[in-house]
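Order of writing sets the labels: A, B, C and D. Residues in every chain begin at 1.
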Amino acid sequence: MLIRLGYDIQFDVDVPVAMVAMLNVHPSRRHDLQEPDSVQVEPAVATSEFEDLFGNICTRFVAPVGRLRLSNSTVIEQSGEPDAINPDAAEVPVDELPSETLRFLLPSRFCEVDLLSNTAVELFGSMPRGWARVQAICAWVHEKVTFSYPQARPTRTALDVYTERVGVCRDFQHLAITFCRALNMPARYVTGYLGDIGVPPAASPMDFSAWFEVFLDGRWWTFDARHNTPRIGRVLIATGLDATDVAITTSFGRARLAHFTVATDEISLEPAADGTRM
Amino acid sequence: MLIRLGYDIQFDVDVPVAMVAMLNVHPSRRHDLQEPDSVQVEPAVATSEFEDLFGNICTRFVAPVGRLRLSNSTVIEQSGEPDAINPDAAEVPVDELPSETLRFLLPSRFCEVDLLSNTAVELFGSMPRGWARVQAICAWVHEKVTFSYPQARPTRTALDVYTERVGVCRDFQHLAITFCRALNMPARYVTGYLGDIGVPPAASPMDFSAWFEVFLDGRWWTFDARHNTPRIGRVLIATGLDATDVAITTSFGRARLAHFTVATDEISLEPAADGTRM
Amino acid sequence: MLIRLGYDIQFDVDVPVAMVAMLNVHPSRRHDLQEPDSVQVEPAVATSEFEDLFGNICTRFVAPVGRLRLSNSTVIEQSGEPDAINPDAAEVPVDELPSETLRFLLPSRFCEVDLLSNTAVELFGSMPRGWARVQAICAWVHEKVTFSYPQARPTRTALDVYTERVGVCRDFQHLAITFCRALNMPARYVTGYLGDIGVPPAASPMDFSAWFEVFLDGRWWTFDARHNTPRIGRVLIATGLDATDVAITTSFGRARLAHFTVATDEISLEPAADGTRM
Amino acid sequence: MLIRLGYDIQFDVDVPVAMVAMLNVHPSRRHDLQEPDSVQVEPAVATSEFEDLFGNICTRFVAPVGRLRLSNSTVIEQSGEPDAINPDAAEVPVDELPSETLRFLLPSRFCEVDLLSNTAVELFGSMPRGWARVQAICAWVHEKVTFSYPQARPTRTALDVYTERVGVCRDFQHLAITFCRALNMPARYVTGYLGDIGVPPAASPMDFSAWFEVFLDGRWWTFDARHNTPRIGRVLIATGLDATDVAITTSFGRARLAHFTVATDEISLEPAADGTRM
């Protein structure tokens, strides 16, 4: 399956402002790209790329006064398979976890593991360990929290989600991540593209999406407490401790969002008239 | 100056528990060590060392049932100079900051930059940039927050410090770090040894200490909102976003602290009887 | 001046639910009513009135299954004068305050006086006492907080307003009340009618409004950190510690708001053709 | 049974400060007093008594510069029976609750009913209503929260107790009250005397105590999530929404606690040598 990915994000800037964008497909997916994947910045300004602590690709630049546009369109090859399901994936005892996964057991800005650890144990502590427990966490969060775009707010933490029971995709994942960490399962936050492939189109405009990964049985597995069902067509952009680490754009000063579109569409591969494939 | 560093930390363990200790002197200070610096674990268990995301040395092991003891004693050569003061150190514009410092501008578990950014601007926004502004932040926190061991609590965040105005050394640094980041100055949390060298001995038993570093003029500088005066004899153990990243010990399960001593003493270098120096 | 007051509030109810409404004009304004002021409930159910701890009139009933409608329309005589201004109104020393005002110095659900008292002193502690200080508080809150209907949320406290700097009218008043109490000035929360009289009509639909009162110089005075300018035509419904005490309607179970209109209009008193006044 | 009640509370005052004390036995217990019950203030200053919103007796005065002492000793007749137990006490439907109990269903400063209502329903929603449900709440709080004087803090709310799982008596009651209100059972906070009568003497010095009351079956019943067992000898001082309303002393300015003793002892009624009773 081929998926066309694209975005067009525009800001109005009054005073030159330093920005960092995380808009590249994750290095782990680079070999699947069929077209170049570089952030187009208009007006043309000097940009530089760097890899952050977690291995994500970031683009830095100074946005000049006026309208700034970040855009791109690329194509990636995707398996077309839904998220892997492996009910046999076992929890890895902490002492056998790879060292680089240990930080993903600890609290972070939006995941107060310390404050929700008793709740996690009370809700999920007696369940069978491993995949089933993560699945139970996702099901609980999915059922108890109501999705609501109008009630999004950038400062909502996992504890806030637990008490308020409303949120957008990032909030669902933050709460589920917090519960996983409290139960000694490394969990990390993910941003990426997730189009309406294989599902009815959503009513709201396409946005970037958040999901999360849990380390079981020697590798990271995809989970999504927002949708709580395997999906086709996730394209990873960045991973981190929580939403703080993987903001699509960060402005170190004022920049007003003026336009925002994201697109993720399967490319039809119907035979062309002459028998070639488009 | 030579400083003898040491600790003796003991836990009682009922069920074997995975632990991570950050008890080694920081790699940046390794060349100053005069004696070996390895974590002694009793009873003898398999340990392994790894370097975390921030370059700190961690020791992993499984604590068996019974009393566990972590100890060591080593000697480090120290300049004997107090913390450097450089009133001319200028703030680095965000677009000129090294990429690896950018994460230290963002929120973390105990440093809610997003919640205190307006306060930071209101308190310190009109001050001259650079060293003087960081110094003003330290002075403010030092004056407004009352030190109180009995009121320590592991979940206190920078916002809690701001509202409650009490805390221990980590709390002072968390609030100061949060203000610095809100003003676009990269700031990181530090744990280390800090003895009573050149100052009257403290009434309370010696503990590890926390301070913080701010990136100005191309390098990291030491600040300490708890003491707010240059000190002699800091020995760096670890740096991170906040206290979450650099806990001296982390137990992934229950372990009851049973004993805790830390020592940091200048070694007297008086001439021995035969004219050599001890 | 005569003002017509009215509301039409409708709920959908699936299971019979006990409700309390605070929809009557405050007893202190009863003598100004030109028409009856009783809550019309449809379908007709048994209702009873009671006076709460603070002297407000409440109406109790059980909402049956189906659509419930609360409505009324009445007329009140109003002075037509804007809120009184008295720059000479002095702060009353705590020991001279009437006993019944003392509770309005303490914290309440949405007004964490204990958490913001240092901030209050730092911001307003050196100002002249009395009216000018309250006015400074209103001006500060009015300037620093951005009004935003979409970002309303029922759990936002004064501390949240202080950190987030957004809110609706209740949020502005909660923060101002908290600062006043912290400085030993009794302050209470008010709900009532406030139409667009003497000001350009607002873009958003009419709602009930919140303001607050401060006890100075022997009486309660009206302040409004949301508008921060004297207004004509406030009609008091209820006062309390904060929004918790004076919710327009409280459902002890589920009831979905289905319709909501409020009206507050000056009645034109133009001469009729025959010389009488309409 | 006769119980001697007494206290000796001293403050150091640098600047004259208005104070309110709640140190009288509650009016509902006045007829049981065997000796006068008036707050002795030294040095002698003008005092006045008033009844607050909830019917508690308060004493006001201005503490002059120097040492201030509040003391008294009185005797009260007590049944000697432990707290009443009535497993048949039924929950009162909200629409049948007396109007004056309704406020005790809503949030207050330390009882964020709005934030913990889902948790309350999840933990206790499927239990039989009435006495058994309140008892289940007390048992849960008693089991899950660890008593710790050193970790007391005046700003801890019910949500903080829920996440931190430590506290002193007031914290236990705040969480239990919050759960009761969330389940539509009116619950109010109580302070009073509770001596070690019929139980082994506590290791820590005697203090005033907190418990709570729930309205079931037409009256208020005593519950105590801290001890979770019926006790003998409670003497009511004051009731309110939470600890905010019933502080033993409130200073509107600085006053440093210098001494604090409370005594509550059963008076032995052994025959004197001459056959009379002491």
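The rule is short, and it goes like this: contacts are C-beta pairs under 8 Å (C-beta built on N, C-alpha and C of every residue); 3 or more make two chains touch, one makes a residue touch a chain.
What you see is a predicted model; the values in this text were computed from it and never measured.
A.B. asks: Which pair wins on C-beta contacts, A-D or C-D?
C.D. replies: C-D
A.B. asks: Need the most distant chain from subunit D, centre defined as the mean of C-alpha atoms.
C.D. replies: A
A.B. asks: Could you put a whole-Å number on the gap between the CA centroids of subunit C and subunit D?
C.D. replies: 32
A.B. asks: On a C-alpha centroid basis, what's the spacing between subunit A and subunit C, in Å?
C.D. replies: 42
A.B. asks: Would you mind pulling out the distance in Å between where the CA atoms of subunit A average out and where those of subunit D do?
C.D. replies: 49
A.B. asks: Can you list the subunit D residues in contact with two or more other chains?
C.D. replies: 112, 115, 155, 163-164
A.B. asks: Report the residues of subunit D in contact with subunit B in the complex, numbered from low to high.
C.D. replies: Listed in rising order, the residues of subunit D that touch subunit B are 150-151, 153, 155, 163-164.
A.B. asks: What does subunit C use to touch subunit D in their complex?
C.D. replies: My answer: residues 18, 20, 48, 50, 52-54, 58, 60-62, 93-95, 99-100, 102-103, 105-109, 112, 114-115, 154-155, 184, 244-245, 250, 252-253.
A.B. asks: Which residues of subunit D touch subunit A in the complex?
C.D. replies: 112, 115-116, 118-119, 144, 159, 162-165
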